[in-house]
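Some structures to go through are shown next.
Next, two complexes with chain A in common: one pairs it with chain B, the other with chain C.
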Partner chain A sequence: MTETVDTAVDLGLEGALEGPLPEAAVLQRRPWLGILRNALRLTRTRIGLAIVAVIVAIAVFGPLVAPHSPTEFVGIPNSGSSSKAIFGADALGRDVWSRFLHGGLTVLWLSVAATALGVVVGVCIGLVAAYSRNWLDDVLMRGNDVILAFPQIVLVLLAVSALGPKLWLIVLMVGITHAPRVARVMRGAAQEVVERDFVKAAEAVGEKRGRIVFGEVLPNVTTPLLVELGLRMTYSIGLVAAISFLGFGLQPPTADWGLMINENRLSITVQPWAVLLPILAIGLLTVGTNLVTDGIARAAIGIDRGKS
Partner chain B sequence: MKKLVARRLALGLLTLWLVSLVVFAALLALPGDAATAILGKEATPDRLAALREQLHLNDSVISQYLHWIGGVVTGSFGTSAATQQPVSDVLSARVANSTFLVLVASAVAIPLSIGLGVWTAMRRDRAVDHSVSTVTLVLAALPEFVIGIGLVLVFATSVFHWFPAVSILPPGEKAWQEPKAVVLPAATLILAVTPYISRIMRGSMIEVLESEYVTMARLKGLPERTVIWRHAVPNAIVPAIQVTALQLAWMAGGVVAVEFVFSYPGIGAALIDAVDNRDMPVVMTVTMLAAGLYVVLNLLADLGTIMVTPKLRTAGR
Partner chain C sequence: MTAVQTGPSVEVSDLRIALTGTDVDIVDEIVIDIQPGEVLGLVGESGSGKTTVGMALLGHVRRGGRVSGGVIRIGGRELASLREADLRRLRGGTVSYIPQDPGTALNPALRIGRQLFEILEAHAGSSGQEHGERVREALEEVALPSDETFLDRYPHQLSGGQQQRVAIAMAFANRPAVIVCDEPTTGLDVTTQARVLETVRELCRSHRVAALYVTHDLAVVAELADRVAVMYAGRIVESGPREKIFTAPAHPYTRRLLRAVPDIAGKRTVVGIPGHAALPGRRPPGCFFHPRCDFARDDCRGAFPPVSEHGPAHEVRCYHVDAVVRAPTPEGAGQASRRAAGTDTVLSVRGVNAHYGARPTLFDIEVDVHHDECVALVGESGSGKTTLARCVSGLHKDWTGEIRLGDASLPTAARARSTEARRDIQYVFQNPYASLNPRRTIGQTIARQLELFFGGERRDAGQRVAECLERVALSADAANRFPDQLSGGERQRVAIARALAAEPKLLVCDEVTSALDVSVQAAIIELLGRLRQEMGLSLLFITHDLALIRTIADTVAVMNEGRIVEHGSVEQIFTAPSAEYTRKLLANTPSIEVVLGHATAPS
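What follows is the complex of A and B.
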């Protein structure tokens, strides 16, 4: 129902990405490459990338260097640091450090998959709605409103309560809750592009609709798309981690950051590491992706200003 | 204006109806049916048949939906599968607790973030503006349960011991009788929503401060305080109304993880228990309430925007 909320609002860069793109930026063959290059010059993007790289490295290579198996018992439950376990043992007596090193991969791939699904579906809906300019636009936007009415986590939990905690279901539902949010932004950006002369020209020479939407319109809305991609990734990580923290993601005894927090939160006073390590990893990862997103958004404004 | 308001109301009702279809679809998605989900696979055929009769599962899908939606409209949400009590009995105390939590959080967060937005807009590009924007960027990225557990570590268990780490209330006690138990959950929600409102307020305030009528007011020699609070803020607040409504609606979902972190006896924690027990009547009721709140808040924000925007207010007169 509200038409005002978009990526820029979410990021707090309101006004930044509004207004028509300058022609020069449109004429560039790959404007997003230039934006990424400029974003890399910003300190915040570099810090963000470094943080993300460290956490991804822990998640990917952690299982290879972990001293113990994630399910091996190494000491008395909630015991402190020892020669066998540098961060102590968790609520069941398993090595906190090894479980931490094993626990990051699922969060990562689930959020990447959910983001990809949500962005692809959202871009298709948004561009088709903007290009159609008729009843189809209305129908798609009403459909968006329906999904938007549910808080993201509540819709995921509704599906989980019906079908049980399954990883594919989490990817599907997180993706579905992202799609209308992406669609709204892409529709807003594309509405002005579909009025341009080159779209009219493509229509005049009888190009197929699909080619016009994805060949002519899509390349001109890559800037908001990049920002949206980063933003949705940040929110995906938070949602996926929250769902597994609530106990509806991976099931015990698997090692997983969200689940670790859940399992050890009641013994937080005696064994804070088992909660602190996964909390730090999830928090740093979302802050890292948000810094990169912010860098891209700022670079996009810079390019607009420089060329106009 | 009447036409505009009527259109918004009609769209709101349409959205609510479609929302109810999505919620009801969850019931149809259950593997087996609601009766096997409640009684489990080992249930005797007799008991299953009896429960199916009780839950109207032998009726057609359409009449099941009509039965359910009729109950929702009249405020009878069915019987909890886990406790066999009416859903409204299970949820009423929890709705009160969650409402209190959200009200406390908004009462602090809205003035705080509007003020922060105005304050940073007036100090644009100075050091304080940059530090506030970095902090809000970090807070906006953090999932709410991460903020919550961070607060627990700092203010309840590991650094200071000022507040309880869990907000479990004695049976029958309401949240407002234990103010200390509300502080950390409310603080979590405040930290989660403030970045969004303050950033939009800052952006719209900067735009207004550069406008001609603000320059005009200054040239007239009005005191700066009058310029800001009488001329600039009322105009800058319009976009903030929409975002504030969205953030309030977001809290309906935000309370889920936050209440779980603090074991706060609210509607979010009830939802998690219900999902655990596959207590569909409770899950569907909570989902319906959360989505309904979003639709209503959005409607109010739209009406509020119409009220404060002269162009829209006088349209069609």
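What follows is the complex of A and C.
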């Protein structure tokens, strides 16, 4: 409706102003909740959330309901579906279904941790760079360029091959290589915001720099932030899975989705499930996170506010 | 290109434009005739539908709307019957358009010459040689140089006034029969505005072009238009010859609107209109103005009043014209009893020079603000008035000289100042759409200000926020809202409430009304006047609008190119200006009263 009307949208507030004043103004403290509530009204968010919930449930509760131990031999290698193993046995004769149920948790928490690390560091760098507008901006952004010059996977592999396949190292390296990418986007988004008058108003009354950056600027870049969050989560899942596929993550005989794909890829024609199940799970997880992110982003900028 | 014809160039009858897919009208029952050579001023506030009507003459309706009734004839041809290709030929040929903001209307990637050639090529298939001459002629008509160096420039290399004149040259290039001007002087300085208005008027007269001049600025209409139509909430409520509308307005809205306009020629208070115009779909039954009207009776709530003839060519849509015309003009309490300014100095600026990078912007500025005094800083864009205000509030750091608050000399940057100094000087920004954090509720914004200066007693924060809002005539309900849920005037009230929450000694108001409608501007000015009386505020009031000063300021400093060229009391500046520049500003400021001969132009 705003489009068809000349300028300001008036909600008839002044009309409502007559009459006795209520006791005190209610200070609504969490506009965030409203955004999330609006996001939940969107079909895409619901579908995404359902997908993510299913995959996360498999990863978290899978080990509890798995019929076998992930290292137990249940049949002839690469045999098909049977009463003991509904998805058959893998290349070494272990139960595919049980290994699948056991193998998700690591991918999941490694991705979440790496994303969180990358986004937090990236947001800090990006916002500080945008707000400082001086040499600090240059130093931070040129430092970013150095990291951006290498493909993410190369840096991660470099570190794990030098220091060994340690999980904390994977989180650290994936996070660190995410950070400059997040920082670049956040700086771009914040550059326009830091020039606005409300930031000047905060400076004029002497707000602390940290409070201006995280209290005034950050809430105005939540839309690109949420999009970045989803995107980085997607990349994290892919990267972590790729690293364990390459053998630098969890070591055999532990069950892990990335590792499963590697172990069984040669026998894909005789026993496709051992490869397909982890691929489907990883794929659906990325699609799900993206849908949720998209829904939140839409709600945050108010695209669908009118519909509710 | 204009076919010789008799009768009006523009005939609009019963035009209705509705929101797509609904029966809700944006504008309705619009009747307009414009004769060749005549300028019709279409006046209204934001949301009144004036731009919608203007665009309809170009056969254009904004997305979300559609023409759902009535007839538009341009030079006898009905727009609705034209195919898309004919409409394209019509636009820029028979009907052309002068945009509000030439900065966005001109293509920044193309040279001026190229853009002028393009518009000629689009409408006449003739040779490049002829076009060259037409381009030169078109530029000379708007008093721009037409040599190669000028044609080779890009839009960003021209000033705002030059850009607007290029846009006018483009609009007149194809000798149109009708021209639609959409607030073409908004955002221009008065000197530039005067020149642009002069150009438009001359071109319309000499080429017998019918013009629809869409604007919110009544003073501009008084200078330019032959006839005036006043729009309110999608209807034309009054139309007639210029003199009638300004001297004997018969519609209550027109009368209130005129009382909201400050005028350099008359020292009188401005009076805002309480309430605000209803949006499409929320308009009240009956006359749309009745909830805000002093003359409303029961019959006003029934049906929208029909058009009635009030005098020769003077049409009004009101049931109670006779009562309205007999009533005295509304008076406001506003500034009637102004407190005498104190003698103790709140702020003193001594020998301040400021720079932006290597470029000096302020030269040796000296200003004092006394207790209870309102000092106005007037100047055109680029005069340095905002820079000075920002030096005072510590937002601009690159200055030398001395600024004293009471007895204390202030450090340059706000961050280096004491909490008391920051509290005592509060800044209200020009644009209330940008000065409030869109992600925070009004309550959070004001509560933060209170917490910053008076510590955080969370329990009574809500109560104190409500008090702050009440001071600017907003209800405590507003605290739960986000800035985008408020109108421009309400937002500016919030910005003022935030500033006052700090209980400052000095309020720096930087063009606080320039983004607002006149009736809203008047209400904000009334509010500031009332607050001064109640709270004993000292004001540093920055504006480009000379007329506004007359209603609010005690002392005026006129700035030009970074210097104060004249400094004195309001009376002195208006009655006996000493600086050449001040005289020029006064002469170029459009005034309703001067145009109509009610008052003589100052000096």
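Everything below uses one rule, namely that the second predicted complex is superposed on the first by the 256 of 308 C-alpha atoms of A that agree within 3 Å, B and C clash if a C-alpha of one lies under 4 Å from a C-alpha of the other, contacts with A are read in each partner's own complex, and residues count from 1 in each chain.
FYI, a contact is a pair of C-beta atoms (placed from the backbone, for glycine too) under 8 Å apart; a residue touches a chain by one contact, two chains touch by 3 or more.
Nothing here was measured: the structure is a model prediction, and the numbers come from that model.
Contact with neither chain B nor chain C is seen for A:E228 once the two complexes are overlaid on the shared chain. In the superposition on chain A, A:D95 contacts neither chain B nor chain C. The partner of chain A that touches more of its residues, comparing chain B with chain C, is B. Contact with chain C, but none with chain B, is seen for A:E216 once the two complexes are overlaid on the shared chain.
In the superposition on chain A, A:L246 makes contact with chain B only, not with chain C. In the superposed model, A:D256 lies in contact with neither chain B nor chain C.
Contacts of A:I268 after superposition on the shared chain: chain B is touched, whereas chain C is not.
Once the two complexes are laid over each other on the shared chain, residue contacts for A:E203 go to chain C alone; chain B is not touched.
Once the two complexes are laid over each other on the shared chain, residue contacts for A:I282 go to chain B alone; chain C is not touched. When both complexes are aligned on chain A by C-alpha atoms, chain A residues 1, 4-5, 9-15 touch chain B in the first and chain C in the second. Residues of chain C touching chain A in their complex: 19, 26, 46-52, 62-65, 274-282, 291, 393-395, 414-415, 417, 419, 422-423, 426-427, 429-431, 434-441, 443-444, 447, 449, 452-453, 460-463, 465-466, 469-470, 473-482, 484-488, 490, 498, 502.
Listed in rising order, the residues of chain A touching chain B in the complex are 1-2, 4-5, 9-15, 142-143, 145-155, 157-163, 234, 237-239, 241-242, 245-248, 261, 265, 268-269, 272, 275-276, 279, 282-283, 286-287, 289-291, 294.
Every residue of chain B that touches chain A in the complex is listed here, in rising order: 8, 11-12, 14-16, 18-19, 22-23, 26-27, 29-31, 133, 136-138, 140-146, 149-150, 152-153, 157-158, 165, 195-196, 199-200, 202-204, 207, 239, 242-243, 245-246, 249-250, 252-254, 256-257, 260-261, 271-272, 274-276, 278-280, 283-284, 286-287, 290-292, 294-295, 298-299, 301-302.
Those residues of chain A whose C-beta lies close enough to touch chain C in the complex are 1, 3-17, 19, 21-29, 31, 196-198, 200-201, 203-207, 216, 219-220, 222.
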